[in-house]
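Before any comments, here is the structure.
By letter and in written order, the chains are A, B, C and D; residue numbering begins at 1 in each of them.
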Amino acid sequence: MPPIDIAARVIANARLSSDYSVLSLAAPEVGARTLPGQFVMIKPEGVTDPLLRRPFSVFEVLRNAQGAIIGVSILNKRAGPSTRRLYDLEVGDVVLCLGPLGQPFKTVASPAKAWMVAGGVGLAPFATLAESLAAGKTDTTLFYGARTGDELFYLDFFERLGVTLVLTTENGARGTKGRVTIPLEAGLKTLGTGDTAMVYACGPEPMLEAVAKLAARYHQPSQVSVERVMGCGLGGCYSCVVPVRHGGENANLVRSCLSGPVFDGAELVWE
Amino acid sequence: MPPIDIAARVIANARLSSDYSVLSLAAPEVGARTLPGQFVMIKPEGVTDPLLRRPFSVFEVLRNAQGAIIGVSILNKRAGPSTRRLYDLEVGDVVLCLGPLGQPFKTVASPAKAWMVAGGVGLAPFATLAESLAAGKTDTTLFYGARTGDELFYLDFFERLGVTLVLTTENGARGTKGRVTIPLEAGLKTLGTGDTAMVYACGPEPMLEAVAKLAARYHQPSQVSVERVMGCGLGGCYSCVVPVRHGGENANLVRSCLSGPVFDGAELVWE
Amino acid sequence: MTPDLAVSIGSLKLPNPLIAASGCFGYGLEYDQVVDLSLLGGVVSKGLFMTERQGHPPPRIVETPAGMINAIGLQGIGVHRFVKEKLPLLRERGARTFVNVCGTTLDEYVEVCKVLSDAEGVAAIELNISCPNIKEGGIQFGCSLNGTFDVVSAVRKATTLPLIPKLTPNVTDVASFAKAAEDAGADAVSLVNTFLALAIDVETRRPKISNVLGGLSGPAIRPIAVRMVWECYQLVKIPVIGMGGITDARDVLEFILAGSTAVQIGTQNFVDPFVWSKVLDGLKDYMTRHNVARLSDLIGAFDPTPPKATHP
Amino acid sequence: MTPDLAVSIGSLKLPNPLIAASGCFGYGLEYDQVVDLSLLGGVVSKGLFMTERQGHPPPRIVETPAGMINAIGLQGIGVHRFVKEKLPLLRERGARTFVNVCGTTLDEYVEVCKVLSDAEGVAAIELNISCPNIKEGGIQFGCSLNGTFDVVSAVRKATTLPLIPKLTPNVTDVASFAKAAEDAGADAVSLVNTFLALAIDVETRRPKISNVLGGLSGPAIRPIAVRMVWECYQLVKIPVIGMGGITDARDVLEFILAGSTAVQIGTQNFVDPFVWSKVLDGLKDYMTRHNVARLSDLIGAFDPTPPKATHP
């Protein structure tokens, strides 16, 4: 279905910490079309500075008590002017929300396992993916690393879905101390021949690179969601390119808004 | 006292109609310094579009129950992007408020009378002037013209001060039908030789011109508050000039933010 | 009476003056899902050379006050793949396709135009002699009057398609370049391409985009672009296609009053891909309010009489 | 260790690089009540001719996206009244006064400079050969390399005061103008003056300001101005004074990294007359964070190595 642009009212803006908020938008038409891993281009209405929209993974597809889709939420982390403004929005404010955009994650089915690897705000695309995997009864694990214990969010949500949680924090306050790739590698080592774990990753680029390379080393497939500066989200501007190599070809710069943001980890060329 | 710039919280924003609001700002230092007829340069904090501040007459100097000055208000009329934004502000929003600026009205004392002539939003500088005149027990009349009866504001306020009200509306819904200059001229005709009425005027330029010329024709002094596009309000940009003639000299373009906005009606050259 | 939005660029009739600017609309087909391409006056393709190009490494864009800087570096599929893969689909959609032609040499410009002349479904050629983001060719022609004359003349001999050189604003007197293009046989000129610009990350002391310099577009440049359009309109007889920072119908009208026969919308596509229908509605509304039957009556209708100092 | 903000323009030492731009700060004294003039690096006067001028009729300014257009038309009191009425007061305040000198002819430029050379308390002359808002003189010199060379040479012979031609951005290659100024004996160059621009009121079809055309300033132009400063810095050896859209310390640093020895702040004065102390604090903060002892070490310290495509 084609993306649409909704002038969406803010339903809620739950501040999870001084940096993170979950911004819920009344955009049922966007929610109804969204597949896990897709993103929206967002901008508060009436704001001309910053000029451009900003890309955000759809975090949740929101439903009312009757189960009808009423909108989407994003997991917003303050990084600069736009994310700061989104953090400050109040119920009733209006946000332009264009989407859904981009290629979604491909789900897997048993006996393959699904291992989601999230770094910080990279958790965002995994809530909808976990729901989709849970619906398919796939054995799912979330490797989730954050700076501090306070920045591990929505753990209940994933537990309720039956997702196994493997947590790490940089300061060791919660879960294992250190990078999320440490337990991931430990997990990969336990896989027997013939076992398949589809490794999904979203987070800082060095993490993505490490995860994709680990998966490859242990002969597991991976799907990584990359972040590039995006001017349009629709393939119009060519700002968002990443180098991708299919088979033995030379690397090509492809638009991550159209061909991504989710790519086969084995095909991305790390810069 | 030098003007100061306050990041002032909005204390209240009373919408008087779909176009007019009274925006009250917590800027005690500005209030304490303001003389009737002076103005402030205003801009919502954090807004870069529009870039420049906008000039507004100080409408009221606000006091708390104990009589201490707590801020100023402006009578805001929606005309374009900035005034629209000010109209939409809510309690707690922050507005940059620089002032007071410009030359105030000169008050008069009995036996001279004070006749204030206001057109529409031109009412703004007369609330503080009326208070000042009332304090001096000057016999004061407000000739106040508006488009409709619904746009005649703060009549109680002026009545409480003992100001005589002469109202006109364009549609005749309230007061005399037609221009405010009609009752003004009628009034001027009743003055005896030796009587003095200082005619104060603020409103649309054609009204100002008509009032100044009427006053001159009936040999009465006038002080008019003019409106020009103002870039800075401080004399820095030379955008706000008006032609003024002292005595027999050639007209000079003088900065209305420094030498005005209040000018001797007899010295302004009408364009 | 429905307002008549049609305009003509030489022999080329457009149902309305709104054209998607080069590099801001992919090859047009990317927007197929959100815009009915046949409703636009026209669509300009991304800049095309003879062969494929990878462009500059990212980051390729950065925002600035009321604008953005880009240095995409003309990543593109080359004219042959364009003719084969994109043109037939664009024709199917009913798009009026303008092709933005680049070259590193005069010969390359001519060759690309020849390929396009032999293809079906090209409405016009926009000759890009103004891209600030590549070193060779392009801007070198666009910054010299002789260079402009020479490349337009050479291409003129190679094609009968409507020929529209796109001018750079990074010159002292843009109107003289419009004149050189006219003298060399251009059917129209389009302007402005982007302004050469630099943004520095003061924390790292490095440029914000990989190419160091890039081109500034968006609302920030509009007042300069409108001035340049007016200058060209006064000097040349061929139609002027104006652009630079258009966001709404009022901006479009500003360019048309200043002398634009048609306009292009670039950066605003990124902000709002649905801009087209909003602008069309805005134009119709203006024409109704002002009792203008034909939009073309407004071309150059700017009246430079000074306004009054006082407000109503 | 307190950060050292001092910079030198030839023999002229400034306690910090922040100078109030011409035309945006009256004659300096207007701001006496809100800013301690002695704390600024310097203050540039409004443009001055030999005699008084009334300037253009209002409206003289209009806002545009992230900017404003002005055509004040150099209303001013003339150099004689300036020397008599303003200069003594500026000296009393401890201001370092730069005088922006205009002329309709080469001779007028020379005469005004002679008057200033004989006066006491002039720190430097900023030669305005770039005002886009008056027809005669000025910009005619500033848009021709020979004109620039000639006027700077002529004035050079008439004064030993630091001589700083102010360049227009409305040219193809601003650095060549900086070079012409250097060759003619200038001690520094300042840039940019405003960009020639036009805004049309589409309801009335008239210009928004009385002079029709005006000069665009403010944040909108900053990325172009920074680029031009960098170009000049690479070509000439004399100091470059950069300006165009500066609003905060970060913007100042961008200009300094690009090669500005000092900077001027214009339009932002209107937005925030208290900008000066905020910027000074911001500079000190940056220097502390980055362990920079002398601000002058940052001049031209821009490193054009491309940044990474990925975010941290």
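By our rule, a residue touches a chain if its C-beta (ideal position, glycine included) is under 8 Å from a C-beta of that chain, and two chains touch if they have at least 3 such contacts.
Here the structure is a predicted model, which is why all the values come from computation and not from measurement.
**Student:** Among all other chains, pick the one whose mean CA position is farthest from the mean CA position of subunit C.
**Tutor:** For subunit C, the chain whose C-alpha mean is farthest off is B.
**Student:** Between subunit C and subunit D, what is the separation of their C-alpha centroids in Å?
**Tutor:** 33
**Student:** Just how far, in Å, is the C-alpha centre of subunit C from the one of subunit A?
**Tutor:** 36
**Student:** Distance between subunit A and subunit B based on Cα centroids, please, to the nearest Å.
**Tutor:** 56
**Student:** Among the residues of subunit A, which are close enough to touch at least two other chains?
**Tutor:** If we look for residues of subunit A contacting two or more partner chains, we find 48-49, 228, 242, 271.
**Student:** At least two partner chains per residue is the criterion; list those residues in subunit D.
**Tutor:** Residues 57-59, 65-67, 218-219, 309.
**Student:** Line, ring, star, complete or other: which one describes how these chains touch?
**Tutor:** Topology of the interface graph: complete, with all chain pairs in contact.
**Student:** Considering only the defined contacts, which subunit A positions touch subunit D in the complex?
**Tutor:** 48-49, 204-205, 227-228, 242, 271
**Student:** With touch defined as at the start, can you tell me which subunit D residues reach subunit A in the complex?
**Tutor:** Contacts found on subunit D: 65-66, 308-312.
**Student:** What residues of subunit C sit close enough to touch subunit A in their complex?
**Tutor:** Residues of subunit C touching subunit A: 23-26, 30-31, 33-34, 46, 54-55, 57-63, 65-68, 70, 72, 75, 218-219, 267, 269-274.
**Student:** Provide the residue numbers of subunit D that touch subunit C in the complex, in ascending order.
**Tutor:** 57-59, 64-67, 69, 143, 170-172, 195-202, 204-213, 216, 218-224, 226-227, 230, 245, 250, 253-254, 257-258, 286, 301-307, 309
**Student:** Please output the residues of subunit A touching subunit C within their complex, sorted ascending.
**Tutor:** That would be residues 2-3, 5, 43, 48-53, 96, 98, 228-229, 231-232, 234-242, 252-253, 258, 271 of subunit A.
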